[in-house]
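Paired with subunit B in one complex and with subunit C in the other, subunit A is shared by the two complexes that follow.
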Partner chain A sequence: MRIKLNNEIVEIESSFTLQILLDKYQISETGLAAAINDTVIPHSSWASTTLSEHDEITLFQAIAGG
Partner chain B sequence: MNVALSQPEQLRYARQMLLPELGENGQLRLKQAHVLIIGMGGLGCPAAMYLAAAGVGSLVIVDFDTVERSNLHRQILYQEHQIGRNKAQQGAINLHAMAPDVSYQVVREKVTADNVFSLVSNVDLVLDCTDNIHTRLLINQACVNLQRPLISGAAIGFKGQLLTLPMTVNSPCYQCIYHSTPDDQSSCLQDGVMGPLVGVIGSMQALQAIKYLSQIGSLHQEAKLHRFNAIDMQWQNLALTVDPNCPVCAGKPLRSKDAY
Partner chain C sequence: MTLQIADKVFHSRLLTGTGKFSSAEIMAKTIKASGSELVTVALKRTDLQQKNDNILSHLKPLGVQLLPNTSGARTAKEAIFAAQLGREALGTQWVKLEIHPDPKYLMPDPIETLLAAEQLCALGFVVLPYCSADPVLCKRLEQVGCAAVMPLGAAIGSNQGLTTRSMLEIIIEQAMVPVIVDAGIGAPSHATLAMEMGADAVLVNTALAVSPNPISMGKAFKQAVEAGFTAYQAGLGAKSIHSQASSPLTGFLSGVST
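So, the complex of A and B:
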């Protein structure tokens, strides 16, 4: 199925959770936040959150400067 | 403090009191408010200037650092001849010249685990305008424990983030969003930052603070994260949820409905 990952269309298997997606793309979890369809998903739910067709995933880092 | 507005105050704030959402009641709420601004750099300067100009009654401004020449492209409260002065002290002097009705308390200290709780406990609202992750985590912890609303701004390069966390039962804390944080964060020192970008984020911290204090909109109920990309001028508005396993707020009185 197709989802959007930071505005890029990618093809994934329909069983993918958010955690599997991060593992597959080898994305570092340090300072990382993840949102599905503009709602931030807490870290403890990444492994239990299954992705759906057309989900828009946003991955972004904490920033500290000011 | 005299709660009624004086004649000069009526005039000074006339254009914002015209707004039906604010009115005289909202202005009186601002006048009675105590706000803590931690960090008087690129975010803290515009945030403090707008809160002082808007008539927030009492500002506690915290910074241990001194004004440097390389700050001046973004820290717009300070003047060339004030290089070398403490930012909190000089900031209060410059703010007083602009808005003398406001009470300013200057704290020329680094925020640590030893002083953060007493700083946060004495105010109605906290603005995190700091430049490092360690202090951000300390401020979040204190706001969780003392149930104080937190408006956190951050900016680097061309990217900004604005977090509004009311610290109520259903609102997350900073670490519900960022479960782990790197020890070594990128900073303005290493990576550079666009001056007007910190102005945008700092101004929006002031805007959120004014709305929160005068009870405009739904900020009391709803935590929000706004991300800004200054290159393509895109904002992303994100809803937030509590992490039931958050290392900071899980199990705290904040999460107990009995607290309310």
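So, the complex of A and C:
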């Protein structure tokens, strides 16, 4: 199925959880926040959150700022 | 004397930002030299193509309390979303609430800020709102549960100093929560003045980051904040338009022929 990851369309298996997606893309979890369809998903729920077709996953991280 | 914000006690009254430094190494050394214990960071969408250096690896060894901001938010709704992201990314309930829709002047939107502050406080966040130097707004932000207020001294990054001085004086006089003067502080003397006026703390970013020697400037700001706070505690003398002699005029030379 297709989802969007930070505005890029990617093809994943339907059994994917958010955690599996992050692992597959080797995304560092340090200072990372994730949202699905503009809802923030707590870190503790990443492994139990199954992704659905057309989900829009957005990842954020800390950067320098005032 | 320590500074307490919500349930945390700080030994430094200088908050620092992490933006605009030439490198993460210089940023970290500057923060260390400044003695700052409360440090702001921003959030952005992760660039999946680029394995960029993680700012947290430079900040964690300093042992500072991180304060994620909501920079980029134009509405209360966006700010609440950003605050939730900051909580997840950094594992803290603390948030520097800032909502400035206009990129030219970066003036904080008072209406959206108050709306967001009320909701974030209700959600359990420790909210430190960046706001206009408006005594009424600061009181309202305090009443909805903000842990501090952060009125601006001048426009963000302008280095103009305390252009809002007379309003800051009212805010400081009536506040029951810490007042942190944020934005516009361009020189250590500005920080000293804010502290002499009775501000609880100041937040400095640009003045440090754009200095040719940020690390030395960090030390200068540390000393300036300490000097201003000590002077405030000691109590300043009253002003007068007349001269008040510092040396006793005993008239001991009267009658001496020249």
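Criterion: the second predicted complex is superposed on the first by the 64 of 66 C-alpha atoms of A that agree within 3 Å, B and C clash if a C-alpha of one lies under 4 Å from a C-alpha of the other, contacts with A are read in each partner's own complex, and residues count from 1 in each chain.
One rule holds for everything that comes next: a residue touches a chain if its C-beta (ideal position, glycine included) is under 8 Å from a C-beta of that chain, and two chains touch if they have at least 3 such contacts.
The shown structure was predicted, so the numbers you read here are calculated from the model rather than taken from an experiment.
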Quick one: is A:Thr30 in contact with subunit B, with subunit C, with both, or with neither? Answer first, second, both or neither. both
Kindly classify A:Thr58 by the partners it touches after superposition: subunit B alone (first), subunit C alone (second), both, or neither? both
Given the touch rule stated above, what does A:Glu8 touch, subunit B (first), subunit C (second), both, or neither? second
Is A:Gly66 in contact with subunit B, with subunit C, with both, or with neither (first, second, both, neither)? both
Quick one: classify A:Asp38 as touching subunit B (first), subunit C (second), both or neither. both
Jot down the residues of subunit A that show up as touching in both complexes, subunit B in one and subunit C in the other. 30-33, 35, 38, 40-43, 58, 60, 62-66
Which of the residues in subunit C come into contact with subunit A in the complex? 17-21, 24, 27, 40-48, 54-57, 66, 68-69, 71, 81, 84-90, 156-157, 203, 205-206
Write out the stretch or stretches of subunit A touching subunit B in their complex. 29-33, 35, 38-45, 58, 60, 62-66
Subunit C-facing residues of subunit A, complex: 5-6, 8, 25, 27-28, 30-35, 38, 40-43, 58-66
Which subunit B residues qualify as touching subunit A in the complex? 39, 41-44, 129-133, 136, 153-156, 159-161, 172, 176-182, 185-188, 191, 193, 198, 201-202, 225, 227, 236-246
